[in-house]
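Okay, so chain A shows up in both of these, paired with chain B first and chain C after.
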Partner chain A sequence: MRQAKYGIILYIFLMLPPVVTLFEFNMTIHMHMQMPLLAAAGMLMYPFLKQKFPGFFEKYNKNGIPGIILFLIVVSYWLLPRAMDEALTIPAVEIFKFISWPFLVGVPLRDSWSKFSVMGKNVVLGILSILFVLMAVIYIFSDSQLCNNYLIVEQITLGWAFGFIALALIIYIVQQFFIDHSEYEE
Partner chain B sequence: MIKNKHNTIALIVVVLFGIGLFYAGTDGFTAYTAETARTNQLIDDQPAFPLVTLEDSNERTYDFTEFEGKYVFATFIYTSCTDVCLELEVNQAGVYDQIPDEYIGEDIVFLTISFDPEHDTPEVLDKYRSYFEADGETWRMARIPDQEQLDNLLNEFGVIVIPEDNGHFTHNSAFYLVDPEGYLIDVMDYTLIDEAADKVNSILKTEEGD
Partner chain C sequence: MEAATLKESFIDKTKSKLGVSPEDSRLSLTYLSLAFIILFVGGFLGLVQGLNRAGLFELPPWFDYYQVLTSHGILLVLVFTTLFMTGYFYAGVSHVHGGLSPKVRKMGWTAFGLMVFGVIMTVATVVAGNASVMYTFYPPMQASPWFYVGLTIMVVGIWVAAAGIWTSAVQWKKENKGKHLPLFTYFGVGAYLLLFLGSLGVTAEMAMLIPWAFGWVETVNVMLSRTLFWAFGHTAVNVWYLVAVSAWYIAVPKFVGGKLFNDTLARVVVILSVVLNVPGGFHHQIIDPAITEGVKFMHVFMSLSIALPSLLTAFAMFAVFARAGKRKGAKGIFGFLKKLPWTDVRFLAPMIAMIAFIPGGAGGIAQTNNQLNQTVHNSLWVVGHFHLTVGVTVALTFFGITYWLLPYLTKRTLTPRLNKLGVIQTWIWTIGMLFMSGAMHWVGLLGSPRRTSFSTYGDNATALSWDPYLFLLAIGGTLLFIGVALMVYIAFHLMFKAPKGETEFPIAEREANDITTPRWTERWGLWIVVAFAVISMGYVIPVVEMIVNAPPGSPPFQPW
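Up next, the complex of A and B:
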């Protein structure tokens, strides 16, 4: 249960008001650090939750599809420029952010991931890269300010960050076709 | 299939949740940015133009009641702005040119409000006015010297202005239409000149018919 402990520590750390302020000060850090770290906290808490409710995941996420769809839906929601603005201005949305990222993104992702084949994983990564390329294009080339709480220059930075993540994902997917992983596995 | 019953139920629940989440998060798929959401809200709320004292490019000071009985077609800018504001003002001129002469000054006044009162003195505004061939009478450019009044107006009309370090501002841009009673009745996309002009003209026409 070490992982769960780390997960809870990370979760509490991310909820400390000065940490929240620090992470939300910059648009890119808000989206690419705070949100994924919250998901990571959820992923670390997953083994504990699975042990506590063993039947639940087996029953309702048998083939991993519901979990991954939930993951994709909630991630897509947070890609809306409006969601990020409202997380800063509407307390209910901020609370939803702190609940949804660990428990509706992190937990279902880890549960579903373990149930997927290599092909399934590649499909998910493929969808994510398409989504991120799209976000990169929107954030870099948008003439108007998409988020009222952040400057346009931050918006462009965020767009590039999306682009690099998408690029990394694509490289990862592609390399698998050229490298025989069994050669490296013991 | 029977074996996967719970799995299927979970999938349906998740999809419904997703639709609900997006529906709620975008006001029924109408507003994907906070800006659109706020514009929609503004048009619903129709806030009154608050009490402010304006100082225009001719160094005249007056409050907003100066325009009582007339529509006011307003924009918010700062003159040191090098990109969006210029486009905004060029487009405002584009709307101005499409309004029939008989309405100009009589039924509608164009107003450009600076949110940088420190820098945008009447002299600066006068120079800026000339770039767009605004006459200073039927199209006025003014600042609001009192910062508190200015902030209040920006807040009421949903104009977000974030100062940057180098004397510049990041801000949202739109055409604002205030009715003769001083209520904000429309916030329009500043890039759609013809649409804005058509809208204003049709409002002026119905007014005339009454």
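Up next, the complex of A and C:
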């Protein structure tokens, strides 16, 4: 249960007011550091939850598909500029952010991931990279300011960040297809 | 069955006994001889600088302080190190793989040609007085375009050298399915990967500077080019350090009668170094404008994270020494210190290198903090710092490697006399650096700036108070030059004069109870992607800001 302990420590750390301020001062850090770190906290807590509620995961996420759909829906919601804006202005949305990222993104992702084949994982990564390329295009080329709380330059920055993450994912997927592991492994 | 294993072990034995093929050793020896010639020239320029700063020596107008400084920086921190690293890794990879393939050897030679060509072009512009821009070549100072072209060719040479090592690793994996890369190759693959990732920054910078230097565009984005430079400059010195670390893990245990502490740990150190390093470049820009405070704050953590692999290494090395000491019957916590072979230069040089990294690393951690950086930035403190890290930790480890690598390549031996000379060399270097680096640190705190030729600033009282320290600096520099001369003598002696014999390439064995190395250490695809993600995390925010909100750009300046 050491992982769960680290998960909770990370979770509490991310909730500290100065840390929240620091992580939200810039659009890219908000979306590409705070949110994924919250998901990571959830992923670390997952083994504990699984041990406590084994039947739950078995029943509702038998083949991993429901979990990954939940994951994709919640992630897509948070990709909307408006969602991020509201998180900064409406406390209820901010609270939802702190609940949804660990428990509706991190936990189902880890539960589903362990149930997928290599192909299944590549499909998920593929969907994410398409989504991120789309976000990159929107954020880089949009002429208007999409978030009330963030400047246009931050929006463009976030677009490039999406672009690079998408590129990293694509390189990862492609190298898997091009490197024939049987040439190197027994 | 039995015959087959017998044959295999016979082949293994002959390979390890015979050492490298003559062709491979010729390649490495070429790299290493040039490296030591460069060390001699660079060291001489260092002496000249030291004497000038103490007011003891005035430079002629046709080769002024800034030409000397530019050459010294480029030759030592870029050329000497790259050449040594390449000679060392090609020799070691040839050894552990039982020879390089003709293709890889060809890449090695091509890389050598490109590097030499590039360096000659670059240094020629400096000597001609058209490029006193120092090794950081910050715009808006503008050098002759050929200065940048030469450096770019040198970078291409680095890529080819890297590709050679990677090719050899892939070939080895194909021949040894399912096995882990040998640890030596693992370090080689990682070090060149890190150097490659860093070089992407400087390549992008060259794409800005070359058109500007030729006059095809009028202005340049100063902040962006500084940032791109440090993505490379910072990474490069960490590559040199990683090369030194490889010898600590792999060779040094052999000389203390110890074993490799933990194979997995060594590989994790390589992975962490590759993944975390590049964004550290920002700690060279703490005083730069145009980077918001929040971003600088984030980068303190990115920069500090690089200390983690070093701490792991420090732990591992202590463990190796303590265990080796215990095997020899050492008592108490520090009893092992007495059992260490202090008179064996192959141990002494890298050991002092490691010890120097304690103050060197601590100074680095201090400097990366905003407020402390304000005090020491652009002062001689910084020069003192990197003469400890690069000038001792890296350079002394490279010297320590030389004592076995050169005789191994030339099939000669290190005689007791030469070993003694090596021990003397090591102590001269250490004492010289104690003086020089110590004086630089101190006088830097008193405000003496780096990169400025001798001046009393109109007999200003503060400037005059620096004099005693600058004098100590010159004494240290003189000792260091004696050290350089000795080292170069030893190197060429080992190449041409030392008695014939067999020298082993030291590769430490694993501890009998070492855990099996996990498979994920071999997942280079994953580590490249993670490194890529970390680099984008570090760079996207400031770089987009620098481009989108860029000022009009700067025309060139040539203050010389």
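Everything below uses one rule, namely that the second predicted complex is superposed on the first by the 180 of 186 C-alpha atoms of A that agree within 3 Å, B and C clash if a C-alpha of one lies under 4 Å from a C-alpha of the other, contacts with A are read in each partner's own complex, and residues count from 1 in each chain.
In this section, a contact is a pair of C-beta atoms (placed from the backbone, for glycine too) under 8 Å apart; a residue touches a chain by one contact, two chains touch by 3 or more.
Treat the numbers as computed from the prediction; the structure is a model and nothing was measured.
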Taking chain A as the common reference, can chain B and chain C both be placed on it without clashing, or not? Answer clash or fit. fit
Would you check which partner chain A:80 touches, where first means chain B only, second means chain C only, and both and neither mean what they say? first
Just to be sure I read the superposition right, which of the two partners does A:114 touch: chain B = first, chain C = second, or both, or neither? neither
Please work out whether A:3 is in contact with chain B alone, chain C alone, both, or neither, and reply first, second, both or neither. neither
Where does A:51 make contact in the superposed view: on chain B (first), on chain C (second), on both, or on neither? neither
Treating the CA centre of chain A as the corner point, state the angle out to chain B and chain C, nearest 10°. 110
Overlay on chain A, chain C to chain B nearest C-alpha distance, Å: 10
Overlap of the chain B and chain C interfaces on chain A comprises residues none
Give every residue of chain C touching chain A within the complex, in rising order. 173-174, 177-178, 294-295, 297-298, 525-526, 528-529, 532-533, 536-537, 540-541, 544-545, 548-549
Which of the residues in chain A come into contact with chain C in the complex? 22, 25-26, 28-29, 32-33, 153, 156-157, 160-161, 164-165, 167-169, 171-172, 175-176, 179, 183-186
Sites on chain A touched by chain B in the complex: 59-63, 65-66, 69-70, 73-74, 77, 80-83, 85-86, 89, 144-149, 151-152
Interface with chain A, chain B side, in the complex: residues 3-4, 6-7, 9-11, 13-15, 17-18, 21-22, 25-26, 31-38, 160, 162, 164, 170, 172
